[in-house]
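Next come two complexes built around subunit A: one with subunit B, the other with subunit C.
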Partner chain A sequence: MSERAAILETVVAILREQCPEAGEIGPESDLVADLAIDSAAAMDLVMEVEDRYDLDIPLNELADLRTVGDLVELVARHLEGRQG
Partner chain B sequence: MSDILAKYGPLAARRQALLGSGGRDPFQLRIDRLLSPTRALIDGRETILLGTNNYLGLTFDPEAIEAGREALARFGTGTTGSRIANGTYGLHRELEQAFARFLDRRDCIVFTTGYQANLGMIAGLAGPRDTILVDADSHASIYDGCRLSGARVIRFRHNDAEDLDRRLARLERPEDGAVLVVVEGLYSMLGDVAPLAELVEVKRRHGAFLLVDEAHSFGVYGAHGRGLAEHCGVEAEVDFVAGTFSKSLGAVGGFGASDHPHFGLLRYAARPYMFTASPSPATMASVLRILARIEAEPELRTRLWANAHRLHAGLRELGFSLGAEPSPVAAVVLADERQAVWAWNLLLEHGVYVNLALPPGTPGRRSLLRASVSAAHTPAEIDAALARFAEVARRLTAAT
Partner chain C sequence: MIRPLADHNRTLPFRVEGFRTLIEGLDYAARGETGFGFHDGRGRLVAVLTYGELAERARDLAPRLLGLGLARGDRVALVATTDPDFITLFFACQHAGLVPVPLPLPVNLGGREAYVARLAAMMRAAGARLAVAGTDFQPMLAEAAVQAGVPAALVPAEVAACPPRGRPVPFGEDDPCYIQYSSGSTSMPRGVLVTQRALVANARAIARDGLGLRPGDRCVSWLPLYHDMGLVGCCLTPTLAQIPVDYLAPTAFARRPLLWIELISRYRATISYAPTFGYELAARRAERGGDLARFDLTSWRVAGLGGEMIRPAVLDRFARIFRPAGFDPRAFVASYGLAEATLAVTFAPVGQGLRCDLVRRDDTLERARLAIPARPGEGVPVRDFVRCGRPLPGYRVEIRDEAGRALPERHVGRICIAGPSLMREYFRDPAASARVFEPDGMLDTGDLGYLVDGELVVTGRSKDLIIVGGRNIWPQDLEWAVERLSGVRAGDVAAFAAPDEEGREEVVVVVECRLADPAARARLRREVRGVVARTAGIDCRVLLVPPRSLAYTTSGKLSRATVRARWLRGELMDLDAAPPLPTVLAAPESAVEPV
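Here is the complex of A and B:
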């Protein structure tokens, strides 16, 4: 499994806990429109993801967060930065 | 081209749903007349105010009103200028000196509102090379100040010193960048307090600066009413303190204070201080008087805390789930938004006003009825409000 696929699986698992009534969740799922995740809930979601990966994603980087795929990309970039 | 307000479609739908459940817009409540610090006329009904943050109940202090009236007559209705132009009067400096003395700090800066105090302090202290670690449950003014600063902003779990420690440990710092930790004293939504002793130990170990916003804790905590840092015995470890005039001080405005020898430079760097009109002379004069009362009358806090314990115990006895241990804020946690709106309306119809607090503005997405007590409430008023809460509890039980 590629790193991004593994991150997607983790993010979807967290989202399943936070939004048990959500339908299918994929990279294209819109956080606001499909999952009813507002700005405050998005910050809490990011905090869960930070804990799983032991990293910090500054709030400054969340402005363009729209989809589940955006979040996966953000996490992947931070993990790569840590390795690099 | 789309309508510029089209993005608020979901907000409009949510507002409509709120109106549908009670008929009244909880966020557009109109108070027709104030009868006292604890009573008002709302919809023609005499109402007990149990959600005003008027913790010491001093908004009708006769000497403060007289001092404000005299300042109005002597200095006019407004300064019509910013602090760095024509907006600094003797009164502004006098109040800054009075605060510095009261807080036992080297210097104090007065801001026009509490919101601007946090904006000015945070954006004045931190810049693009710096990092801010902010408590997750912080007030919007803190988040907005962080954004205005241009600093890298990292959120840590609410009141969790271990999480702060972990995040500070993995921080990569540019050599010329500083780290600022921002927390509140008393958190206004749930009424819980920061574990300042633990947070101070962590920030000291990591060489970070600490700013404590004592907006809700000033006048409420500490032997002299200086806030939670005084109560916890850690004032010397708090590098910067911010606060507001719009709670215990019964007016509008804010302050920042510090022992840092260069703190005064914020007067030349903090945009929310520089580019807004200074507070009105009447405000300065009334706050000077109220500050003197807080200093001279510790019994105000004794009364406040007796009321806080009375309300908290009463709500617990009725079976309500509360947000935190006793403090002047008692947050009743309800099942969901609909139930909270229904209960808020019922209380208002029975002559009790509390704050309705809904997600996303609440910790953990909880729907809250936020009650806050004042030193000016009589025990009979607290009991009368509790009797109305009992009716809410009775109907909730009947409905389940």
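Here is the complex of A and C:
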């Protein structure tokens, strides 16, 4: 499994827990329109992701985040940055 | 290894009187050892800025700001991150005779576009000549600066590297201090021009009369520095009273609310403020488990409340949950204030906890606007309001009816105020300024309330304003964002806040909808929810209603209050909630009677 696929799986698992009523969750799912992540829920989500991967996601990057795929991409970029 | 922040001044006498400007207060505090501590998202101390270091750095930066070609009185927009750079630049402006304009931080997932537009509108209204933000936010700020025609958008290091020029002259007692953009909608932001005189008057009243600050007090704050409660209450007032403050960024609190509690415990803090929702977040997180006895909250003597309607039930729960940590519910202090008064107007007495006024919540309150005391168990619906205390010395609160007549106690009306820290005007907005002042010079706060034993009870904030999670959201901003969706027309949308089935405020967005296809309606519903979340970072209930369901005033203005009242009475029906009509009875859209 590629690294991104593994991140996607983790992120989806976190979202599944936070949004139990959500239907299908995939890379194209819109965090706010489909999953109803408001700003308070967003902070919960970000914290879970940060704790899981032990990284700090800067606030400014959240403003560009729209889909589950964007979040996976962001985590992957931070993990690569840490190795490189 | 960072040297910890001193928790009191060893020899410098505690002083809150006699400062004529913010810089005078800072220069005095600079002779002691206290100042500000800054913590990262995991609660680690990452920087300390003593008042002495702050004064020195601000003095060094001031001529560099002038070196950028700024003239006295020019506005400098600063993205208000909770860090030494923002605070240093804010005070450097004071030294250089420049007016700082604190700007908000983005809070919404995918909200970049809305955020940039908001910054641009504020800078345009302020006529900012320079904009500064840390490297994280500078790209968005630069984009906004271009839109607003602001000549330069820099990072703090660029300001620090600029060659100094001229001799900065600090603001005097008759000068402005800063502009606070906390009211008005995104497209029409209203900046409160706070003067030196207003600031020192309000800070003195808060420190001396409201909180009774004393040597040894220590403050912990996660409140954003672009809000009056964060900036005035937890930065400028402490400076003018030499009190140490430990900061946590608002987003660090939002992610890990218990860090707030941990810092209070770690530093034996005595004073910390939050809107009710902050206590709610901490309580909710604590309920998920963990040993709360590891915290020691016995030092916390003022658990301040302000910024939104105070919900006593939530605070009772907070007190119960944190009892094992030694939290004393008598520490709750309710207060009332607004940016137009710099910050505080009334304060409940310290050390007595929340004192409530239980009133009948029937027609007498809603229609006759009378707050009749009730006893539980009388069989009538009741509502528990919090007493926010008496006006600070030198301040006056009057409840007025629509015609401007003063109302007696227990009559609900417009809360009007007077006092030494009232703003003189919204910056460059004479029309908006004129609207909020009464003929005799009192300021109409836009809030509703009543008096009891001379104490103010707030029953509702400004009738259209939506307050969720402690943030003020202007319904127009949501409506305009929704109107830009394809298939929605201008005037088709009404947004308001109303209690849901469990009494929590929820945001309801009503959209007149001409779509016959249920799938198209589902799509629209999703788009509305998405655009509202990106604009304001909130979830909302979307109601699609037949055309001509909304109500307008005689002058053609949308009457949100009427739409809201219909919603609360159950008179607004969602197109997809209504039972399907038998085909033979299904009328063409144009004949559907507005509900």
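Here are some notes:
In the analysis below, the second predicted complex is superposed on the first by the 84 of 84 C-alpha atoms of A that agree within 3 Å, B and C clash if a C-alpha of one lies under 4 Å from a C-alpha of the other, contacts with A are read in each partner's own complex, and residues count from 1 in each chain.
Keep in mind that, in the parts below, a contact is a pair of C-beta atoms (placed from the backbone, for glycine too) under 8 Å apart; a residue touches a chain by one contact, two chains touch by 3 or more.
Remember, it's a predicted structure, so these values are computed and weren't measured experimentally.
If you count the residues of subunit A touched by subunit B and by subunit C, you find the higher number for C. Contacts of A:Asp38 after superposition: both subunit B and subunit C are touched. Applying the stated contact rule after C-alpha superposition, one finds that A:Met47 touches each of subunit B and subunit C. In the superposed pair of complexes, A:Asp30 makes contact with subunit C only, with no contact to subunit B. Shared-chain residue A:Leu55: touches subunit B; no touch with subunit C.
Shared-chain residue A:Asp64: touches subunit C; no touch with subunit B.
Shared contact residues on subunit A (touching subunit B in one structure, subunit C in the other): 32, 38-41, 43-44, 47, 56, 58-60.
Residues of subunit A touching subunit C in their complex: 30-34, 36-44, 46-47, 50, 56, 58-60, 62-66.
Contacts from subunit B toward subunit A in the complex involve residues 10, 136, 143, 146-147, 152-155, 157, 167, 170-171, 359-361, 365. Residues 32, 38-41, 43-44, 47, 54-56, 58-60 of subunit A are the ones touching subunit B in the complex. Only residues 40-41, 105-112, 115, 136-137, 139-140, 251, 254-256, 281, 469, 526-527, 529-530, 533-534, 537-539 of subunit C touch subunit A when the two sit together in their complex.
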